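The block underneath contains the structure these notes are about, expressed in structure tokens.
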Amino acid sequence: MEQWIAMLLLISAIWLLQIRKISDSVPILAFQSFVLALMAGAMWYETKLSHLFVAALLTLIVKAIIIPAILHYTIKKIDVHRRVERVTSKYTSLLIAIILSVAGFYVTSRLHLPSTKFGAPYLPVSITLMFLGTFIMIDHKKALMQGIGLITIENGLFLVAQSISYGMPMMVELGVFFDMLVTVVIIGILSFRIHSTFESLNIEKMSNLKG
Amino acid sequence: MADFETRLFVLSLLFFVFGTFSALCFSRRDKWANIFAHSSALVGGLLGTVAASLVLATKQPISVTAWTIVSDVTLRFKVDTLSAYFLFVISVLAVAVSVYSIGYVTEYYGKKPIGWLGGGLNLFLLSMVAVITVDHSVSFLIAWEFMSLLSFFLVMFEHEKPETRKAGYVYVVMTHFGTVFIILSFLTLFFFTNRLDFQSFTQAASDLPASVKNIIFLTSLIGFGTKAGMIPLHVWLPRAHPAAPSHISALMSAVMIKTAIYGLLRVNYDFLKGGATWWGAVVLGIGVLSAVLGILFGVAENDMKRFLAFSSAENIGIIFMGLGASLLFRSYHEPLLGALALTALLYHVLNHAIFKGLLFMGAGSVLYATHTKNINELGGLIRRMPWTAVLFLIGGMSLAAFPPLNGFMSEWATFQSLLHLSFSLHSPIWKTVGGLAAATLGLTGAFVAGSVVKHFGTAFLALPRTSHAAKANEVPLAMRFGMVVLAGGTVVFGVWPGLVLRMTNQIVENYFHQSLTGHAMLYVPFHRSVESISLGWMTIIFLAILLLLIALLRVSVGKSNNHYDETWNCGTPLVPTMEYTGTSYSHPVLMIFKRLYGIERKIDVQGEYAYYPKRIRHRLKIEAIIETKLYRPLIRGTVWLSQRLRAIQNGNLQSYLAYMIITLIVLLLWIR
Amino acid sequence: MFLQAVMIVLLAPFIQGVIKKTKARMQNRIGPTVWQPYYDLMKFMKKDAVLSVHSSWLSVATPYIVFVSIVTAGLFIPTYITNNGLSFMGDIILIVYLFAVARFFTALSALDAGGSFGGMGSSREMALSAITEPALLLSVFAVLLSSGTTKLPDFIASLTSDGWSWFSPSYGLAFFAMLIVLIAETGRIPVDNPDTHLELTMVHEGMLLEYSGRYLGLMMWAAQIKQLLLLSLFINLFFPWGIASLGGHMFVSFLLYVAKLIALGVLLAFIETMYAKIRLFKVPKLLGSSMILSLMAILLRVFE
Amino acid sequence: MGEVSLLLIIPVMTAVLCWQIKNHPIGEKLQVAGALLNVFIGLSIARNAFFVAPVTGWHHLIYIDALSAFNVMLIVLIGFIASLYSVGYMRHEVAERIISEEKVRHYYLWFHLFIGTMLVVSVVNNIGLLWVGIELTTLVSALLVAFYRKGTSLEAAWKYLIMGSVGIAFALLGIIFLYLSGVDLFGESAESLNWTVLHRAAGQLNPQWTLIAFIFVLVGFGTKAGLAPMHFWLPDAHSQAPSPISAVLSGVLLNTALYGIFRIYTIVNTTLDGKAASYLIFFGLLSIAITVPFMLVQHDLKRMLAYSSVEHIGIITLGVGIGGALGLYGAVLHMFHHSMAKSLLFFAAGNITQKYHSKRMERISGVLKTMPMTGSIFLIAAFAITGTPPFNIFISEFTIMRAGFQSGHLVATVLFLLFVVLIFSGMMYYVVRMAFGEAPAKVEKKEMSRWSTVALFLPLIAVIVFGLYVPPFFQEIIQQVAFVLQGGKS
């Protein structure tokens, strides 16, 4: 079970690197978050910790529904149906993604952290997710994709938070969700303004501030 | 008794403070600002002089605690004999300069903020007094940098001129670099003594391991040497001093650079108390270098104040020679000779302060009257401004160490200490070095004489070259008086060394338990012979012979009746353009020492026959090798490097993110 | 002391005359009598003076200052007695600096009138002196090193007491070093030509160009005295034999002293006729070689 | 207890009111009043925390000890001065037709929310909430950076937002690890992220977890605090924001981020007994070093100041890393001094840029002629920020150097000295060119509005006085804070 979830998450992350159109990213993201919610549910099922259930629910609502919705809306509004632009070629990015995953697993393995009862395999995956998320941001030139990369990173965080530490204290989780939401909203707002100012979302246009 | 001196000292400080604030209050009213600022500076100076002489007379140190800065850093003023001596020098100059300024600043009325200038002067004096009297390294550093900062602002006073801004920048950066080295030496002392006040340095520092002492010595030498303007760290000096208003240049050149000497004495004599032999050798070497190169660069100058600045570097060199000699003698346990050398350098500190102050004031007066410092635009001033001429001449003669003026006395003492390196030390190296060093001192003396002739001759004698010079008028009374005070000093301290010895002995005895005797005569009893000099007697004989000669001529052939006629100029009437200019005057020297100046000489003759040219243009481009070969590459290299390094901030968000993630991964791989 | 003052003042022109006479003879001329300089001086003293309208009080004051400072310097130089009781107030350093004072004022007065000849001479003089002075000091120190004092009487006393060590090589080197300096300081060929006013060659004479009458007389007299003093310094550093200490048999030593002076004068005249004047910018090399010699002298003395 | 709630509520209230009140003159005065009120409350709270006892409340959700109180003090003070300065600044912007009046109302809204979020960060006890607060500051201030809707400001804001959020995310992971390290001690309870609890149990925490946690937190919050090499957003954001905002960003926000790091550092360092210090020293030195080239060759006035902020954050970090009573003392003192000097500098720079209509330093000259007051203050502040006596920064820098030598970090200290003097020579080059000389003809010789000059004086006093005399009560405060940073044990 755990292995499956971990694998799905990884695949979804790498998939985000391989998309053709920006709009494709939204469903993948939703799927990823859904898997995350699933995982949380599973954790709840195993540990019977009530707040894990809440977390799962929140994940489902906020991450798998609201945030994708916002992103979808933004993309529609700015209508960037064009192909994504990458720094590296498709295959290079794939290669790097693989390397990063290996790195993530290696790093966590050599930390020889004391294993916990559940979700031990999730730790390397989550760290890898963070790496991949950052790589998504680095690789894609469209401003919006960086938002998506960010959300991938946060998903990685959640994975750890939910699985290994059985979720954070309630209040903190709420706060985090709230932040996520606001972040996405502000990313939306800013990408609107950027698009209206630069007539494009290509962040390579935004490199006037040097030195 | 001591508390009386304490009161005087505190009062003088308060007067400086009062001068600052009153000047700033009256910054709207130039006249009042001028009067308040400089009169209070004058009073402060007088009080300081009295306090200093009392301390030197009674040997009772003044000690005043002001307040606590942070936890264990207190601001305490402690005037022991060494401080008192420098306090005396500063105060004397303060008196003369403040009188002079009353006249000098009138030039700025309506044009520039007098209040700030006067206030700055007072604060500057205050900071200098603080530098030489505080006894905690942190408060010393604060006072030190405060002094540098104020002098920087005062240099920047005429900041409309671009070269002034450049000078100010160079100055402030170099002095800051110097301060860093001073900080290093103090921190090193702190590292071993675990205290920061001079008291514990004095107690603990002397029994440090030799290597540590060497570090401290070197760092302090570089640090203080920068401020003193020793070559090759002098580059700020010939820029900053001419840029400042003349009375400020007088203070900077006469007194401020001496605070560095004070620092060196403190570190070497109070804290370290003896070290390796090579210390003395290094200092002596730097001294010789500074003296010779300083004056050689100075010879080429046609700007009065720039020349004076270079000659300051040269005199610092002479002082360093004395210091080096005394360090050597100390390491060879020759107390009497050490005493002689230390006396020589202290004496020269006072003398240089006096005549360099006088000369800068003189240059200032010329500037005031003609609005130019370039001697090639002057001439014939001796008739327009007789007072200034005579006073400048006296200063110049003292600078060139001519008897019977004070400059000679200290140079004589320096000569003696250098020669007795070779006479009394038994190592063949020192025997050779001593003679050579003395010879170089002679060399510098001759060059100084030459440059003085050049500057006085070109600026004050013969025909005026421009209308500025032709229409010049004698400067106001206050300025003349300020100069007269110092001119008197040059004579008195020349013919009556006893006055100075009485002060220096107090210091010298602390370190060598020996002292020199003398009233009208400086008398050094060596084991092999007795060296002595008496300018007082010499002067008397000189005058006697003079009177005799005149009398004889009168009685034998009567008064000489003079006719006046045009100068012989191959039959053509003499016009100013035919006179020897400063440039042409120093030309032989430049030709002899070509290598040092990196001279680019261009002569282009126009006209069909080379022998009957229509126009000849002669351009002489001179640049000191130190700047071209040492500093410029350094600066260019730094800038080039930083321009390369700036590439990391390429404005691209993705690369920034890459930096982040890489940092993270590396750290994760790093930790165990 | 008074005696010595009078002596040097009166003796100086005679030596000048001797040198001139010898030169003339060597050039197969009859030449003026050895007393000629005295006649010249008297003539100058009587004549009226013409001064430049552009000149200041400096031109008038200079001759007196120059003359007196050189005479004063003369009091500290042993001539025919080791100690005239004045040496407590000065030593070789003071002497050198008194000469420097004289030179300083001469150079200034040369600029006073504003003519370019004066400037030329003055600038050359000061440039050369910058090298002559250390050379002089160095050669003197090379000799003084043996006795460890800068006081000439003490030095001569020690030299005469512990035997005259002429044959030590360092003395030889120092001798030649100082001879060169002597020629330079007295402004003779090959460094300078005392009997020309041609602007390309002259150094010292150029500075006196504007002077006439009594002032010129004083200047020339001062120059002659300076020459005498340098000669006697040279003599007493290298051949102090027979010099009397205070109260000794003065007369003999005086005669000896004059004899030495004449001999040295002849030598100078000889050299002067042997050589031609060298270019101005060659002179530093000459003096440099003098410095090298004295340096070698010092090294020999130190390491022996 | 009521005080604390007031402290958090007033900024929000002010913000909302400023936003709602359409009457501009009233609004701007009102926001100043709000800020002033908050100063009093903040200081009284701080006084209790310093001299009486740590303030707690809301069942251990709030915990204000000396460290928090110190941060609160800085926030309210700088906040007040900035709000005071904003009045003149914004009036000028409106007068210049650069922005409209209701944009100014938005400005005040976000400004005070920003202050509020920072206060939240410094008063909460729970590290998770602390994280939430810091993320909020990012979001709010990003909007303020983007305030002028120019391309460059948007760019800066975007970079800031993205880098900030990524960093913050890393930090959250770190916090989760920290939670993990304690979780088997306390089980899953809200308490177990309260740093009081963690701190008490710091001894028994799991070292592996804490170390990796610290790494993530350092990189994460380090990004926010502008530690090299995560600082790249900083010069952009600080130079593009309106000057009062730049002042707050440099003066307080960075400290707040550092506060996050140090909070966790104190715990981690006790767990790893001093192993973590070396990381701080490394990043501190790196931050100082990396600014050198950008100081030596620079064209934009505010960027230069921003880089100097990076440098000083580095110095503070270095000081804490060097540690020991002296090092921490110096670091804390430096925090205060840097906030004062830097905000002063940014305000002066604000006046200058508004007067010359440019941030390009080659276009600026003769400030002393055009604005004598601002010019001289600018000079003083510049000398102060480069650590020149007799101004305040020197004292703290020297204390840190002392600590460095005392604790035997000789190489680090000497490097530090070297970098500092290089930075000085770089900065002075431009400062001299700007302050002195003749002004361009078109610039009229007149000070900016009274509001803009008055605001300069409060920090100026601190800059000058604290360089010569640090009052005993203040030393006591610093001692307290250093004590907390030392992990409560002296």
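In order of appearance the chains are A, B, C and D, and numbering begins at 1 in each one.
Just so we're on the same page, contacts are C-beta pairs under 8 Å (C-beta built on N, C-alpha and C of every residue); 3 or more make two chains touch, one makes a residue touch a chain.
Keep in mind the model is a prediction, meaning the values are calculated, not measured.
Asker: Per the definition at the top, count C-beta pairs in contact and tell me whether A-B or A-D has more.
Answerer: If we tally the contacting C-beta pairs, A-D comes out ahead.
Asker: Which chain is in the middle, if each chain's centre is the mean of its C-alpha atoms?
Answerer: B
Asker: Rounded to the nearest whole Å, what is the centre-to-centre distance of subunit C and subunit D, using the mean of the C-alpha atoms as each centre?
Answerer: Chain centres of subunit C and subunit D, defined by C-alpha means, are spaced 78 Å apart.
Asker: What is the distance, in whole Å, between the centres of subunit A and subunit B, each centre taken as the mean of its C-alpha atoms?
Answerer: Going by mean C-alpha positions, subunit A sits 70 Å from subunit B.
Asker: Distance between subunit A and subunit D based on Cα centroids, please, to the nearest Å.
Answerer: Here the centre of subunit D sits 31 Å away from the centre of subunit A.
Asker: If you average the CA atoms of subunit A and of subunit C, how far apart do the two points sit, in angstrom?
Answerer: Distance between chain centres, rounded to whole Å: 99 Å.
Asker: What parts of subunit D, by residue number, touch at least two of the other chains?
Answerer: Touching at least two other chains: 158-159, 162, 166, 170, 212, 235, 294, 297.
Asker: Which parts of subunit B, given as residue numbers and ranges, touch two or more other chains?
Answerer: As it turns out, subunit B has residues touching two or more other chains at 646, 649, 653, 657, 660, 668, 671.
Asker: Find every residue in subunit C that makes contact with two or more other chains and list them.
Answerer: As it turns out, subunit C has no residue touching two or more other chains.
Asker: Which chains are in touch, pair by pair?
Answerer: In this structure, the chains touch in these pairs: A-B, A-D, B-C, B-D.
Asker: For subunit B, which residues count as touching subunit A in their complex?
Answerer: 646, 649-654, 657-658, 660-661, 665, 668-669, 671
Asker: Any idea which subunit B residues touch subunit D in the complex?
Answerer: So the residues of subunit B in touch with subunit D come to 67-71, 75, 138, 141-146, 149, 156, 159-160, 162, 165, 168-169, 172-173, 176-177, 180, 183-184, 187-188, 190-191, 194, 196, 638-639, 641-643, 645-646, 649, 653, 656-657, 659-660, 663-664, 667-668, 671.
Asker: Residue numbers of subunit A touching subunit D in their complex, please.
Answerer: So the residues of subunit A in touch with subunit D come to 49, 111-114, 116, 126-127, 130, 134, 137, 143, 146, 150, 153-154, 156-157, 160-161, 164-172, 175-176, 178-179, 182-183, 186-187, 190, 193-194, 197-198, 203, 206-209, 211.
Asker: What does subunit C use to touch subunit B in their complex?
Answerer: 5, 45-46, 48-56, 58, 60, 64, 67-69, 71-72, 75, 86, 88-91, 93-94, 96-98, 100-101, 103-104, 107-108, 111-116, 118-120, 122-124, 126-138, 141-142, 144-145, 147-151, 154, 209-210, 213-215, 280-281, 284, 291, 295, 298-299, 301-303
Asker: Which of the residues in subunit A end up touching subunit B in this complex?
Answerer: Against subunit B, subunit A makes touches at 87, 103, 107, 110-111, 131, 134-135, 137-139, 141, 146, 203-204, 206-211.
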